[in-house]
Amino acid sequence: MLAFDQGFFAGKWVSVARRFGLDVRVEPWDPRRGVAAGAVEDILRADAKAGAEARIRAVLIVHNETSTGVTTDVRAIGEAMRASGHPALLMVDAVSSLAAMELRHDAWGIDVTVSGSQKGLMLPPGLAFVAAGPRALAARASARLPRAYWDWSDQLDFNARGFFPYTPATNLLFGLAEALEMLREEGLAHVFARHRRFAEATRAAVRAWGLETVAVRPEEASSAVTAVLTPEGHDADALRSVALERFEMSLGTGLGPWKGRVFRIGHLGHFNEPMLMGTLSCIEMALAVAGVPHRRGGVRAAMDHLERTLEA
Amino acid sequence: MLAFDQGFFAGKWVSVARRFGLDVRVEPWDPRRGVAAGAVEDILRADAKAGAEARIRAVLIVHNETSTGVTTDVRAIGEAMRASGHPALLMVDAVSSLAAMELRHDAWGIDVTVSGSQKGLMLPPGLAFVAAGPRALAARASARLPRAYWDWSDQLDFNARGFFPYTPATNLLFGLAEALEMLREEGLAHVFARHRRFAEATRAAVRAWGLETVAVRPEEASSAVTAVLTPEGHDADALRSVALERFEMSLGTGLGPWKGRVFRIGHLGHFNEPMLMGTLSCIEMALAVAGVPHRRGGVRAAMDHLERTLEA
Amino acid sequence: MLAFDQGFFAGKWVSVARRFGLDVRVEPWDPRRGVAAGAVEDILRADAKAGAEARIRAVLIVHNETSTGVTTDVRAIGEAMRASGHPALLMVDAVSSLAAMELRHDAWGIDVTVSGSQKGLMLPPGLAFVAAGPRALAARASARLPRAYWDWSDQLDFNARGFFPYTPATNLLFGLAEALEMLREEGLAHVFARHRRFAEATRAAVRAWGLETVAVRPEEASSAVTAVLTPEGHDADALRSVALERFEMSLGTGLGPWKGRVFRIGHLGHFNEPMLMGTLSCIEMALAVAGVPHRRGGVRAAMDHLERTLEA
Amino acid sequence: MLAFDQGFFAGKWVSVARRFGLDVRVEPWDPRRGVAAGAVEDILRADAKAGAEARIRAVLIVHNETSTGVTTDVRAIGEAMRASGHPALLMVDAVSSLAAMELRHDAWGIDVTVSGSQKGLMLPPGLAFVAAGPRALAARASARLPRAYWDWSDQLDFNARGFFPYTPATNLLFGLAEALEMLREEGLAHVFARHRRFAEATRAAVRAWGLETVAVRPEEASSAVTAVLTPEGHDADALRSVALERFEMSLGTGLGPWKGRVFRIGHLGHFNEPMLMGTLSCIEMALAVAGVPHRRGGVRAAMDHLERTLEA
């Protein structure tokens, strides 16, 4: 399996794969950048050339790395993989991107997409989703790793008859029907645009504060979550404590190497202007109270962006 | 009955009383000011002198006039009434003040307090509350106005046995138990201080915008709701439409003579810093989008106030 | 106002009317029988003849007297009133009949129908409904009784614009929309038939136990509630205590003169065969445990009825 | 691993184990009987003698086999295993027994107990529970089967700090706190007695109908579910359809070899006399409507049992 050093959650998949005895190649990568399609293509072409049989069976890409707020252009990677002619499967973690950013399982040539209920689908945690294309289903037939609950076969058999092989989390299924109806009513294009606009306003605030996001390229910055670096010597978790204790607001913690250096702002799902501005205002106050060096004016900058980008 | 021109909801009580044929004296009053205890005292003293028997049977005061965000010092009025020696009952509308601002039925000499579930008690609408002191209960015995559902006697009889005379809104009673527990956990003193601080931050924003609140004296400004005047020639309801359509935020409308001239900001009940700042930010944006002349900086001023007034 | 001695709730309306100073003629009536249309017609004809002007302004009929489980043929009464040529209004209490038994406000010539949310509409208590026809609306214009909250004018004015004059119990309105949708899905004819069938099964059980219902004629027996007489010397409330404490089942108490002599079985709203049979089984056990003389076999008789009356 | 032919769910565990490549010995067993402690002891003693090292590493027992309603005396098996001196772990499926029947993880010498939220704990499906004793935790350290999500290590590490390694189904955790409080209020001894009494009443009905339960010994019959055999030539699923379509009651289907031959009556969790009797009444009616040969009187027999076994 080929993976990239995208961040905490990409690392989790590597850990899962290794626990099952898979040989995982983790390509060093700047976690502040999305995975480049060219890098994937180069590695696959080299792998294909190396011998009679390609060794890489799957490429794992996290669409929206929740720990960094950096997204990867999955469409470009799908194209690069097809261009390379390499048979590896494309497996995508869409846990925090589904219903927040565009993702096209079939059109982009994804073989397996995995997601969950508790992010863009606006539900409590408790449901996971897997989409598997024909190549993935074929691979399943010859797969030899031991598996029981995670085996797709039981689900596929029962789903075809309108049932589940195991007792499902029934109440979440009712919630899912309602969530999908809400997304349909708003329209996915509008949902994506709304998230993008809120993310832009958030980054406008961060820039105005004189702080940096982990994502270095705006076009790679997540529509779902923004990870912000605190200045050297200023503990992001102390800031988070101030926000929680003083302003009743829970910010995401830094994960893995970002622990203490990063706080994360979620802006996905059922989210609107009052929630966004309430969030940014409390962060600006928390920065002041926690003594984190910053310029005022982030809230103002976010409002400017929102005012400028109203729909006609 | 003696009432004052406090605003829309005081006027509603006058209307109710007159529909029942009561002779109501509505004293002209500046609705931007709380009712002065001295004014009540003067009128009662004059009434007592006028003849053998005092004519005024009850003084109606709205504690927090929801239409103007102006509060009246009910404690001072209670003292003035006792000082006057006049036997009139003190009847207080505490619909929007209960659990948001201090109110002491017994200690302040209130005879009847009326409130509802849907404001400081954080419940859906559907419950009303009446507290009646011994003088009010005595007056009930000799009262001759026709009444059925609103007759306290049935409630008093049944409540004494732990029952209701009519089918109560049972599910709200469960909610009420939980709401009271939440208030107890936070502590009423803290609840009142929290509301006062949010109201001050709101008024700081209003001043920074260069706008005026209906309340002209800070000590009379409501902790529950702030009514803001839009500049001459600028329709408050047009602003409210912008806030709702552009920023998913519903502001209170101007009531009675304030229609189109005032918008109202609720900041009571289950309310915290993110909600307050989300509200004020969206108002500041709505002012800009609606073309209402104002200075920027209201949000900043509110944040300054919140930062300055953190508990030690 | 003309009323009949139908039972506890008819009596409540009389009490309300008298508290407002109305002159109410309460015609003695066997509460175990529905009000006869002929009796209404005779009284109205006599009233019209008595002098230049008819004295009776309104006839109050409880459609389904909840305290006795006896229904009145409101359609026949409407016809009789029209036949009499008397101008009195027909006012109907449909609190426990609406959505459980057929009732046609316009077609049956009803002038005012009153109901509530907590019976056939399957909602928590908290909403009341009034339907007023053209003659009632005209009477309102000239009515001189004092009223405020209960004045229809405010409701009519605001409802026409899609609003309420006072803060409504909003969450129940959402519930109402869902309840109406449920009734529409099942179909009112089916809803009525379902209730009728459950009431018949209940009476079959009562007969098999050797007990009597308050209602003496099957065609007048309620589809919503069945009131059952306990044998002389056997306290119905003692039986109710056994049912509650031993079998977790709450039966309705006897009201007014029926206190201790009657227990009531509700079978309306969201109710199905398992609920009905669970109810009847626990009553049969409670009868035995409480030592109330009865024959076994009520449950069996109810099952026989249900089996015999399955839809084709 | 040693397992017994207890039924559908025991078979599921065997299937899981085999999918992971474990060598499972499935001992033939009469599924209508609980697993005999002596049988376990004999096999373990033989295994220990067979060579230098015992081959059996774990004994899997389903405490309450949901497909048959047959329970196994886990305490006796724990004692037999200790008596044998064999080091195999005792692993118990308590999915449908937890909080319905007595089970003592530590006192009975169980090494691993597994359960779920959706049975005796009265919650929606979505939580699973694992209790692991010291011997199981030690075995984990040397276990070599690949595992990731199901690895206890992550849970143990995070739980010790009050956290979860993965996003938990948070709303069910709130429900769990409430469910445990309900069980505590009633008292576990009373909960178990309540379930036992309802199961006995159910079996009294089955006997009266002239039908047979799958469980052949009363002391092994489940307190949580009763599986009933339909007579030869009578499809249990046709009966279930009648119950559902005619009486709005969903009975459990026959699983595995019992398909079409068995229907199952659940009587666990938040369950009382009206629910039980509603259930049994509708089954008795469904038997008649579906034309399944039976004697009437099951409902009567269940009532007799309930009346006879009231608490003093």
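The chains carry the letters A, B, C and D, assigned in the order they are written, with residues numbered from 1 in each.
We adopt the following convention: a residue touches a chain if its C-beta (ideal position, glycine included) is under 8 Å from a C-beta of that chain, and two chains touch if they have at least 3 such contacts.
As the structure is a computational prediction, the values presented were derived from the model and not from experiment.
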item	value
Touching chain B and also chain C, the following chains	none
Between chain D and chain A, distance of the C-alpha-averaged centres to the nearest whole Å	40
Chain A-chain B separation of Cα centroids, rounded to whole Å	47
Rounded Å distance, chain A centre to chain C centre (Cα mean)	59
Chain C, residues touching no fewer than two other chains	none
Arrangement of touching chains [line / ring / star / complete / other]	ring
Which chain pairs touch, all of them	A-B, A-D, B-C, C-D
Sites on chain A touched by chain D in the complex	15-16, 19-21, 116, 118, 124-126, 145-151, 167-172
Footprint of chain B on chain A - complex, ascending	246-249, 272-282, 284-285, 288-289, 296, 299-300, 303, 306-307, 310
